[in-house]
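For reference, the structure discussed in these notes is given below.
Chain nomenclature is as follows: A, B, C and D, assigned in order of appearance, with residue numbering initiated at 1 for each chain independently.
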Amino acid sequence: MKRIGVFTSGGDAPGMNAAIRAVVRQAHALGLEVIGIRRGYAGMILGEMVPLGVRDVANILQRGGTILLTARSQEFLTEEGRAKAAARLKAAGIGGLVAIGGDGTFRGAMRLTEEQGVPVVGVPGTIDNDLYGTDYTIGFDTAVNTALEAIDRIRDTAASHERVFFIEVMGRDSGFIALDVGLAGGAEVIAVPEEPLDPKAIAEGLLESQRRGKTSSIVVVAEGAYPGGAAGLLAAIKEHVRVEARVTVLGHIQRGGSPTAKDRILASRLGAAAVEALARSTGGVMVGEVEGEVAFTPLKEAVERKKDINRVLLGLSRVLAL
Amino acid sequence: MKRIGVFTSGGDAPGMNAAIRAVVRQAHALGLEVIGIRRGYAGMILGEMVPLGVRDVANILQRGGTILLTARSQEFLTEEGRAKAAARLKAAGIGGLVAIGGDGTFRGAMRLTEEQGVPVVGVPGTIDNDLYGTDYTIGFDTAVNTALEAIDRIRDTAASHERVFFIEVMGRDSGFIALDVGLAGGAEVIAVPEEPLDPKAIAEGLLESQRRGKTSSIVVVAEGAYPGGAAGLLAAIKEHVRVEARVTVLGHIQRGGSPTAKDRILASRLGAAAVEALARSTGGVMVGEVEGEVAFTPLKEAVERKKDINRVLLGLSRVLAL
Amino acid sequence: MKRIGVFTSGGDAPGMNAAIRAVVRQAHALGLEVIGIRRGYAGMILGEMVPLGVRDVANILQRGGTILLTARSQEFLTEEGRAKAAARLKAAGIGGLVAIGGDGTFRGAMRLTEEQGVPVVGVPGTIDNDLYGTDYTIGFDTAVNTALEAIDRIRDTAASHERVFFIEVMGRDSGFIALDVGLAGGAEVIAVPEEPLDPKAIAEGLLESQRRGKTSSIVVVAEGAYPGGAAGLLAAIKEHVRVEARVTVLGHIQRGGSPTAKDRILASRLGAAAVEALARSTGGVMVGEVEGEVAFTPLKEAVERKKDINRVLLGLSRVLAL
Amino acid sequence: MKRIGVFTSGGDAPGMNAAIRAVVRQAHALGLEVIGIRRGYAGMILGEMVPLGVRDVANILQRGGTILLTARSQEFLTEEGRAKAAARLKAAGIGGLVAIGGDGTFRGAMRLTEEQGVPVVGVPGTIDNDLYGTDYTIGFDTAVNTALEAIDRIRDTAASHERVFFIEVMGRDSGFIALDVGLAGGAEVIAVPEEPLDPKAIAEGLLESQRRGKTSSIVVVAEGAYPGGAAGLLAAIKEHVRVEARVTVLGHIQRGGSPTAKDRILASRLGAAAVEALARSTGGVMVGEVEGEVAFTPLKEAVERKKDINRVLLGLSRVLAL
């Protein structure tokens, strides 16, 4: 292999640029050329490619978003589309790919490998932290800190008005963001998809904490924790007790911004490790960090196995939210 | 007058604590005692009062929210309620008040003065900047910078996905926040309540800018600029053209956070000036800053006259958003 | 005039990129072409020029530093050097210049106009705020907020250790940054070059405030307020009383970072106004903002007249720092 | 044991308040009373104690510094001083202590246990991350991100002026902060105490990278990496080659500020675990987090064994800094 491709796909995450930079520079150190593929699988099919030298990735380490852009592709979901993509890669002399993204990205990558014979190594870039085979995904730490900063602001208002706030954070199927943000933000309640929710019990808990003298509370709700998200949960609670509360949906601010130190380091490490893995293997794996060490997991497992939230921390949040 | 009261009322705004600190310390310098009244007019009626010495306001200059809390009061809307409040003030030996808040706060203050004979000086504390008689209200600069930071984050995602984002900022009746945030955030369109909106024209403008090669755009919408806010405006636009866009409502994060330098300085200056004015007058005025100088405006005018947004800047935003 | 040039020179300031963007887009609206000159006067002599279209300045509004780079030039201080620069401009068909920078930049611009007949309009881009003819320079608000954030952090430590901190901020000849940062940061003492300093009196003031129960204090020192800056002042104070204090020099962090809303708006406004002025005049002026309105001042006056700090605010800082 | 004490000592670190909160609330959950001891060992000797209920630690989770204050104590270094402290604890009915701090704090704690029979559990609160027995200390992640933000600002200036900057970060004996900040900040060189430094080789590396087209560089220097810190290293380099560079010492800003999510979660977890450990043991251990799990290490080991920096990451930084 003398030339590899790199692309980002799916939702953008802070640190993707740091990963691209590491891919390019580690490849350079190993004597490999790098081609950047723009707009994910859509651009791959159209042949949107640009050579990336070591100076092309200067000064992007600290930038949010992705310089390679990202897009969805219906065509890539068909075998015909994937064959086109593979033909483009072959024509460009690209012998292997580093795919930076989440589970949708990796499902596509698996097919590209199995069906079209293109070696791919995955780098976990998603704020959701919902991939098996890595303790943290690139972008998660930044998203958590961004949401936390928002909660700190809202708490000023909550405390001044002595109100309850329901704050919805990202996480359709997983509560990683909600748990970390809730614990770090001193939330009274943390609602995650992994645990059954009892609106009546939450209602009683809020009343009970008011009786104990707590004049304002924060409830953190993962978007997938209850039908209708934070607003849905509040409505369900109001069927049981009269609680005055406001809802804020943090939304897309959680995706952007300059990555934290941790995300930059993780992205640097995994981007570099992905190139090394690609250089010496036939791909089909995701590179992750497990207990501080680089680890490889088959893409299939990374996507299909479920990583659980830390139940100990969830329990701790209840003890601390007095 | 030997003893004055200070309270915050209405929506909280960053810098209210800086104003409280300035009131207490300037009063001290003039030989006046200060009583803090908690929870606005509600607390005034109930006699929730606490003496504030110079050390009681140490280390609050940088804090968001208000240490005196804020609340709404139905009872104060009645003459009976106001009489109770005045009686409480008299019993506590309070000869005058500094009222920190927005137009609702000042309407209450006017009645307290006219009807009950209590001298009140108003300090403009609201993120909305919608008070006549001051170029800027306390909290506005912080709210604008907080919203701007959010927009900078969202732009990372907008640029990476080549999407249009509709971002709703606070401002029911006024477009001050939307204008400054939109201009500083490089918005393609800034929708304010002060100007008629034509969804069809906006739609065509967005298409036109795509034709010019702009792949992502930000539309900033004041919540009162269109029925239904940003989501309502987007729906109206979609009746004309097919534009894929996402909506984010920034919400309560705009109220909180540590105040900017400008808000702390403005709050310090106006808080101190309010005490000086109270010491030598019978109140009934709001203290503001006009063209860099402290200025006084009758409360009635501050509330009833309409301050206009800067149309020159609105025009400039259109030239710059190419 | 059909083609104008724009360059940045001297120390960089947050908002310079926002000004460049405004110059390019306003010029485009007026039918003028824009050439970017890299590395200030040094690049002008060498003919380092690049055409700037409206899309070339996309996504730079929020960036610190300057995309046109900046440098010092010994050669431009000679008449020969300036003649070379003028020849380059003529050869490139550049009929006028927008110069973004501080007093050094404007002194060069004056000579270029007077001696070589090149029309130049100045835009005040410097964190120091020391130019006559504008209430604020581009970059000042960002620098103040950056320094303030640093002081807020240091206060956590100062309060926890019950210590005095001497913090040095930028400002060789002027105390604008020190005054705003000190007032907003609750400094016990603000040392500016515009006022004589008495180390003994400061020493006694610090002791006195300890006697009043203040356990930690912040002293803000403009670098030019005392020989040796903050460290020099502390040493002089220690000759009079035993005060344990730490020194922190904020240094270059004050120059960088994403500009605040205010700096972006100011830069947008002044950049656009500079092009308008250049299109209809023979230059020789600086465009500024005075009491909220765009104003023009001869470059000579901007550089030679001294703008004073706000003495009222300096007095206020003493009342509030109890 | 029915009553425990908690105190902070040594340099303050962001997250100490989060740890205090966790101690108080976990103790409450276990039916233990908590006494806060102010000003570390100095306050312990003087009996500066205050009961801490669950509401007393409300709203401190996000605050930098320590509400219990910190101080140095010469007297505690004597056996007599420690006996006084133990007598105070006994008189107050305190059966065990949670000590939040760094190695100096733990050395004192060991003596208190061994000599005076007071059970102590240590919680690692120091920005330096130099304690054996925990992957991260409380405050480290915040300090790294604060320093990184400063470097991002300085890079704006470095890039605009095409200069080299030498930035000194904290770390007298260890390079943890320097390594993470340098890697995340894209430093050309990272100078740590753990590795021998060759000024000549660094000089040549800087020249070489200029030849490769890199116009600005960041060199991160741990304060203990070279005699005289960053300024000392630069002087040594200048003996070999002519390199124009600026020095910035970040200093005390690294200690303060609101803790990151990671530091708040770590502090919450370790604070709670410390109380559990104290309730069921005789102390003498530090509670840490190793590979994601709570772990206990004898205080003696925590202090005396040396934790090494991650050499893999140091090597990676060299590959990536092209």
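Miscellaneous remarks
Here is the rule we go by: a residue touches a chain if its C-beta (ideal position, glycine included) is under 8 Å from a C-beta of that chain, and two chains touch if they have at least 3 such contacts.
Keep in mind it's a predicted model, so treat the numbers as computed, not measured.
Within the contact network of the assembly, the step distance from chain A to chain C comes to 2. Rotation angle for the C-alpha superposition of chain B on chain D: 180 degrees, rounded in steps of 5. Although chain C and chain D share one sequence, what matters here is the overlap of their interface residues, and that overlap exceeds half of the numbers used.
Here the spacing of chain B and chain D, counted between their Cα centres, is 39 Å.
Annotation: 35 Å between the Cα-based centres of chain A and chain B. The centroid of the Cα atoms in chain A and the matching centroid in chain D are 29 Å apart. Shared interface positions of chain C, i.e. residues touching 2 or more other chains, are given as 152, 155, 159. Chain contacts here close into one cycle, and each chain has exactly two touching partners.
Working note: touching chain pairs come out as A-B, A-D, B-C, C-D.
The touching residues of chain C, counted against chain D in their complex, run 8, 11-12, 14, 63-66, 69-71, 146, 150, 152-157, 159-162, 165, 246, 248-253, 255-257.
On the chain A side of its complex with chain D, the touching residues are 21-22, 25-26, 28-29, 54-55, 58-59, 61-62, 135, 141, 144-145, 148, 152, 155, 159, 180-181, 183-186, 212-214, 258, 260-262, 264-265, 268-269, 272, 291-292, 313, 316, 319-320, 322.
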